[in-house]
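So that you can tell them apart, the chains are marked A, B, C, D, E, F, G and H in the order they are listed, and the count of residues begins at 1 in each.
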Amino acid sequence: MKPKVLIVMGSDSDLPVMEASEEILRKFNIPYDSTIASAHRSPGRAVKIASEAEKRGIEVIIAGAGMAAHLAGVLAAHTILPVIGVPIDSSSFRGLDSLLSTVQMPPGVPVATVAVGKNGAKNAAILAAQIIARKDPDLARRLKRYKRNLSEEVEKKAEALRGRTR
Amino acid sequence: MKPKVLIVMGSDSDLPVMEASEEILRKFNIPYDSTIASAHRSPGRAVKIASEAEKRGIEVIIAGAGMAAHLAGVLAAHTILPVIGVPIDSSSFRGLDSLLSTVQMPPGVPVATVAVGKNGAKNAAILAAQIIARKDPDLARRLKRYKRNLSEEVEKKAEALRGRTR
Amino acid sequence: MKPKVLIVMGSDSDLPVMEASEEILRKFNIPYDSTIASAHRSPGRAVKIASEAEKRGIEVIIAGAGMAAHLAGVLAAHTILPVIGVPIDSSSFRGLDSLLSTVQMPPGVPVATVAVGKNGAKNAAILAAQIIARKDPDLARRLKRYKRNLSEEVEKKAEALRGRTR
Amino acid sequence: MKPKVLIVMGSDSDLPVMEASEEILRKFNIPYDSTIASAHRSPGRAVKIASEAEKRGIEVIIAGAGMAAHLAGVLAAHTILPVIGVPIDSSSFRGLDSLLSTVQMPPGVPVATVAVGKNGAKNAAILAAQIIARKDPDLARRLKRYKRNLSEEVEKKAEALRGRTR
Amino acid sequence: MKPKVLIVMGSDSDLPVMEASEEILRKFNIPYDSTIASAHRSPGRAVKIASEAEKRGIEVIIAGAGMAAHLAGVLAAHTILPVIGVPIDSSSFRGLDSLLSTVQMPPGVPVATVAVGKNGAKNAAILAAQIIARKDPDLARRLKRYKRNLSEEVEKKAEALRGRTR
Amino acid sequence: MKPKVLIVMGSDSDLPVMEASEEILRKFNIPYDSTIASAHRSPGRAVKIASEAEKRGIEVIIAGAGMAAHLAGVLAAHTILPVIGVPIDSSSFRGLDSLLSTVQMPPGVPVATVAVGKNGAKNAAILAAQIIARKDPDLARRLKRYKRNLSEEVEKKAEALRGRTR
Amino acid sequence: MKPKVLIVMGSDSDLPVMEASEEILRKFNIPYDSTIASAHRSPGRAVKIASEAEKRGIEVIIAGAGMAAHLAGVLAAHTILPVIGVPIDSSSFRGLDSLLSTVQMPPGVPVATVAVGKNGAKNAAILAAQIIARKDPDLARRLKRYKRNLSEEVEKKAEALRGRTR
Amino acid sequence: MKPKVLIVMGSDSDLPVMEASEEILRKFNIPYDSTIASAHRSPGRAVKIASEAEKRGIEVIIAGAGMAAHLAGVLAAHTILPVIGVPIDSSSFRGLDSLLSTVQMPPGVPVATVAVGKNGAKNAAILAAQIIARKDPDLARRLKRYKRNLSEEVEKKAEALRGRTR
C-alpha cells in the first residue's frame, strides 16, 4: 500500500520518540513511511524528500527534531502538504529550543506544531489522521470511535478510583 | 457559499489579530465564518460550535485566544476536525502563557499550533488552505503559485537592495 | 458522610501527586470524593461533574492536571464553587506549562492556583479547609492548631540543630 | 457595614491595578476595606493587619504586590483566612517574579494565586465572592446571574461579528 | 566565642546545601550560629531572630530558602544588618522561583543575593567574611591568602592538564 | 572627604540607573566616587580600579552593567572588598541576561546581587550603607531611622487611602 | 573590489538591524555584499547563495533573522565558510526564539552566534573582521587600533564623569 | 608542532565536555593546546593567556565555562583572535545562565557562541577548523569531505530504517 504519511526525523536517536507516531498510524490503519533526513547534515536529502512527497501520494508530513529544530520548517519550505512538527527534548533546554524553533515560523510557511516529546509524537499522528479523514469517511468514523474510547477509558479509571471516596 | 473554515476567537479584542486569518482566506477564495466563543465565559456555546461544525460542512477550525488559552483545546475535545490554535499575546507574559496552553495538549487531542500573534494568524489560514487543498486540486494550484510568489518577492527585494553592495 | 471537597484529576497518573490533598483532608476530617475527568478526553464528564457539584453539597473543588492544564478552568467555567488548581509537573517544561495554563485565567472565571506538584496538592487541601472553615468554627479551631503545630515543629527542628553552633 | 473582604496592597502605586478588585466587590455589593502594608517596609503593620482580620469579621484577604511579592505569603502566615494573591507586573520581568513569589508557597501556608495584573485583580474579587457565597445564598444567586451575563455578552458580541461571514 | 554570622534556613531539608556556608566560615575561623526559621510556618520566630541579631553581636545574616523564598526578605525587613540570600533549588523550577523571590526586593530593603544552591551557599560565607573583614584586618589577610590559593590551585590543575597538548 | 563607596558602571548609558545609588549615598552622607570601566572594552582599567580600591580607602564597590554583565565579577576577581552587582536592563531580555551573568558566580568569588534596574541601584546603596555601618555606629542609627521612615510612610499612605473603605 | 563578507538577511525589515554590520565593515574597509534570502520563503535562493559563496571569494557569511531563525543554519548546511548568526528580535518573545533557533545547532554544523539585535549585528562584523585578519596583517593592525580606541573612549567618558565625585 | 587552537576551560570539571573539542581537532589534524584558567579565580592567568596567544601562533581560542560564564568574554577582551564560547551546563539553570553570559556581549567585543554542552564543544572545534581553513586549502578539503560524510551517514541510517515502512 502506498504511504499516506511521511515521518521524517532528524536523527536515528529520535526514533524512540517518533515510534509513538508510528504506533498511532498503525492503529488507524494508515500506511506510512519513516525516514531520516537532517536539515543541516543532509539538507539536499531533506529538500528532495519534501519536494517529491506530494507526487508520491503523501498527504501529510510529520517531522520530529530537537535543538534548533529546523527540519519541519525546511520541509514546509518545499511543499504545500501540511507539515506537522514534533519538537524533541534532546538538549539541556528540555525542548524549549526545539518548540520555539518549530512553532515560531515566519508568515507564509506554517508548521502545525504539537507538544514536546512522546505525547506530541502521538498527537502528530492523530492530527495527520484528522487531516486525511477530510477525504476518507471511514477513517473519520474510526477517529470518532477513538474519541469515544478515550472518554470511556476515563470513565473506567474513574470507576476504579471510586473506592477512594471517604 | 457554505463556509469551509470556522474562525473562533475568545474575545472581540482578538479581532485585530485574527483578521490576518480572514485576509488570507479571502485571498485564497475560501469561504469562512468568524465568531466569538469563550472556553470559560460561554463554554456551552464553544461546545455547541465545535460539535456542530462538521455537520455544517466546516473542514478546519482556527481558534485564537490569549492568556490560559483553552479555546482551541476545548474545541478539539468536541470534534474530529483539525483544530489550528493561534496563541495571542494579550498578557504580560507576551504569549508564552497562550503558546504553552495551546501547544502542550495531552495525548489524544491534538491542536495544530502556529506562531504567537498576527504572523501565526496568517499562517493558520495558510495551513487551513493546505489541509483543504488535499481534496481541492485547484486550491493546491493556488497554494503553489502563492509559494512561488513568496520566493519571487524575496528576489525583488534582494534586487532592490543591490545598490548597497560595496 | 457527604463529601465537601471534590478532587478531580486529569489522569490516574496524577494520583501520586493528588494523594497529598487527600491526606490533608483526612487529617482535618473533611469528607471528600476523588475522581478522574479529562478536560480533553472526557469533556462531557468534566462538565457534568462541575455542574452537579454544588447540588451534591460540594463546597470546594480541587483540580490537578499537567501540560496544557485546562481542567481547573473547564470546571470553573461550569460552577460558582471556588475551584483550586494544582499544576502538575508532567512534561519536559517541569510545570511551567501547567502553572501558566492554570493561573492565567481570563477575567470572569478565576482559578485559585497553588504551587506546582506535591507541595501544591497539600496546600490545595489546606486552602479548601480554610474556605470551609468560614462556616465551620470547629474546623477553624483545627486549622489554628495546625498552624501552631507548624511553628512548634520548626522550633523543635531548630533545637535539634543547636549542636551545630560553633 | 462591616467589611468582609480586606484588600491589602504593597504600595499605593499598585492602586490602579487593585481598583479592579474594588470595582467587582462593589458590583456584588460586598463591603470591603482597602489598605496599604508592605511585607518589607512595614512588616509589623502587615502582621497586625493579618492577625486581627478574622476578629474584625473579614472573610477573605486579597493581597496585591509586585517584584519579590512576599505580601500575600506574609499575611497568610498570620491568619487562617483564605488569602488570595494578585501578582503585579511592576518590574522588568513583567510579573514572572511576582507570580513565582506568590504561588510557589511552601507546604503548610497556601496562597490562592490568580493571574498577573488587572485581570487577576478582577478575578481575585470574583473568587472572594465565590468563597463568601458559601454562606450567603443571595450572593450565590448574584454570582450565577453574573456567570449567565458573561455568556450572554459573548453571544451578543458574536452576533455583532456576524456581518463578517463570507 | 560569640557568633558573628547567623545562618538561618527555612527547613532542615536545606541543611545539605547550607553546610557549604558553615564549612567556609570554619575555614576562615569565623564563629557562627545555624538555626531554622520559616518565614511562613514560624514567622514570629523569624522576626524575633532578625530583630535580636544585632544585639547578640551578629554582623551578617545568611538566609537560605527555596520555592517562594521569602526568608531572606523577612529577615531583612527586621534588621539593618546585611542579609545575604541563598536561593535553594527545591522545586520543579530549579531555583528560578527562589532566585527571583530573593533578589527582586522592592526599594528600601536589600538582600545580597548569591548563586542558586551549594555554590551560592559557599559564596555567601565568603561574602560574609569580606564584610566582617572591613573591621578585622587579620581576616582580610586570610581572605587575600584564600584568593591567592584559588589562583594557585588553577595553575596546578592547568599544569596537570599539560600532558594533553598535542 | 575620601570616598568610601566606589560606583563603577559599564557605560555612561548606565548613569540614569546608577544615579539612584548616588542619591541614596548622598542621603546617608556617605562619600562616594562614580566612574566608568568596561570589563570588555577597557579591561585593564577595570582591573586597576578594583586592585587599588582597598588602598584608596574604599569599603564597598557597587558595579552596574547590562547584557552579559561581567563587570561586577571582574572587579570581584581583583579585590577582597564586598562587590555589589546591579543588573541593568539594557537588552531585549529585560535584565534576565544581566541578572544571571551577575548572580551565578562560581564558588570562590561572590557578587552580592540586587534587583534589576533602578530599584536595585537604590538597594545597592542601602546595602553598601549597611556594610559600612558595621563600623560606623552613627550610620547605623541613620539606617534605623530610615527603616522607621519607610514604615511611617506606608502608614501615611494607608491613611490617605482610608476614604476608599466601603 | 570583490566582497569578502556576505550579509544575508531574512527580510528587508531586518535591514535597520543589519546596517550595524555594514557600518562596521565599512569602517574596517572590508568589501561586502548585502542581500536578502529567506530560509522558508526562498529556500532555493538561500541554498544557491551559500553554495556559491566560497567560489565568489567570500570569506565569512553573516546571517540575520528573527523568529524561528533558520537562515544561518540553512546557509551553514551548504558551505564550509564560517557563518555568523545574528538573532533578531522581531516577535513577542524578544529574540529568545531567534537566539535558541540560531545557537542550538546540532553537532556537525556550527553557527557562530552573537548577541540579539543591533549590538549583535555590530559584533558580527567585528568577528568577521577578526576572522579575515587571520590572513590580512593590516586588518589585524586596524583591529588592534580599534580595541585601543574602545579603551580610550571609556577613559574619556570616565574623565567626563569625574565632576560627580562627592 | 605549534598549536593553532587554544582550548581554555574554567575548571577541570569542564574537561568531559571540552574533550569533544579535542577529539574533533585531532580528527582534522589541527594541533591544539588545552589549559585551565578561571576568569574569576585566576584572572591574571586568563589575561596572560589571551594576551600572548597571538604571538604564540594561536589562530583561534575556544573557551568553555559554566554558570556566569565570563571566561570567553574576558579572553576576547585581551585579543583580536576569534574567541569561540562554549556555554557549559553546570548549574541548576541548565546552561541558560552560561549561554546568556557568553552570547550577550556588549558591542565591540564579540564572542562566537555555540550550543550549550558537548554538542557545542564539538561544533566549536569545527568552527575553529572553518576559520583556519580560510588560509589552509588542505584543511578546507578535509572539511568538505567531513560535510559529505555527515550527509552519507544520514543516508545510511535512513537506509537502515527502511524496514519500518508499512
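Following the convention adopted for this analysis, a contact is a pair of C-beta atoms (placed from the backbone, for glycine too) under 8 Å apart; a residue touches a chain by one contact, two chains touch by 3 or more.
Quick caveat, the model's predicted, so the values are computed rather than measured.
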{"item": "Set of chains whose contacts include both subunit H and subunit B", "value": "A, G"}
{"item": "Centroid distance [mean C-alpha coordinates] between subunit H and subunit F, Å", "value": "35"}
{"item": "Inter-centroid spacing, subunit G versus subunit C (mean Cα positions, whole Å)", "value": "51"}
{"item": "Intercentroid distance (Cα basis), subunit B paired with subunit A, Å", "value": "18"}
{"item": "Subunit F residues counted as touching two or more neighbouring chains", "value": "11, 38, 41, 67-68, 91, 93-94, 96, 103-106, 108-109, 115-116, 119, 150"}
{"item": "Touching chain combinations (by label order)", "value": "A-B, A-C, A-G, A-H, B-C, B-D, B-G, C-D, C-E, D-E, D-F, E-F, E-H, F-G, F-H, G-H"}
{"item": "Residues of subunit H touching subunit E in the complex", "value": "3, 11-12, 15, 22, 25-26, 31-38, 41-42, 44-45, 67-68, 91-94"}
{"item": "Partner subunit B, residues of subunit A touching it in the complex", "value": "59, 80-82, 84, 99, 103-116, 119, 122-124, 126-127, 130-135, 140, 143-144, 147, 150"}
{"item": "In the complex with subunit B, residue positions of subunit C that touch it", "value": "10-11, 38-41, 43, 47, 66-68, 70, 73-74, 76-78, 91, 93, 96-97, 100-106, 108-109"}
{"item": "In the complex with subunit H, residue positions of subunit E that touch it", "value": "89, 94-96, 115-117, 119, 150-151, 153-155, 157-158, 160-162, 164-166"}
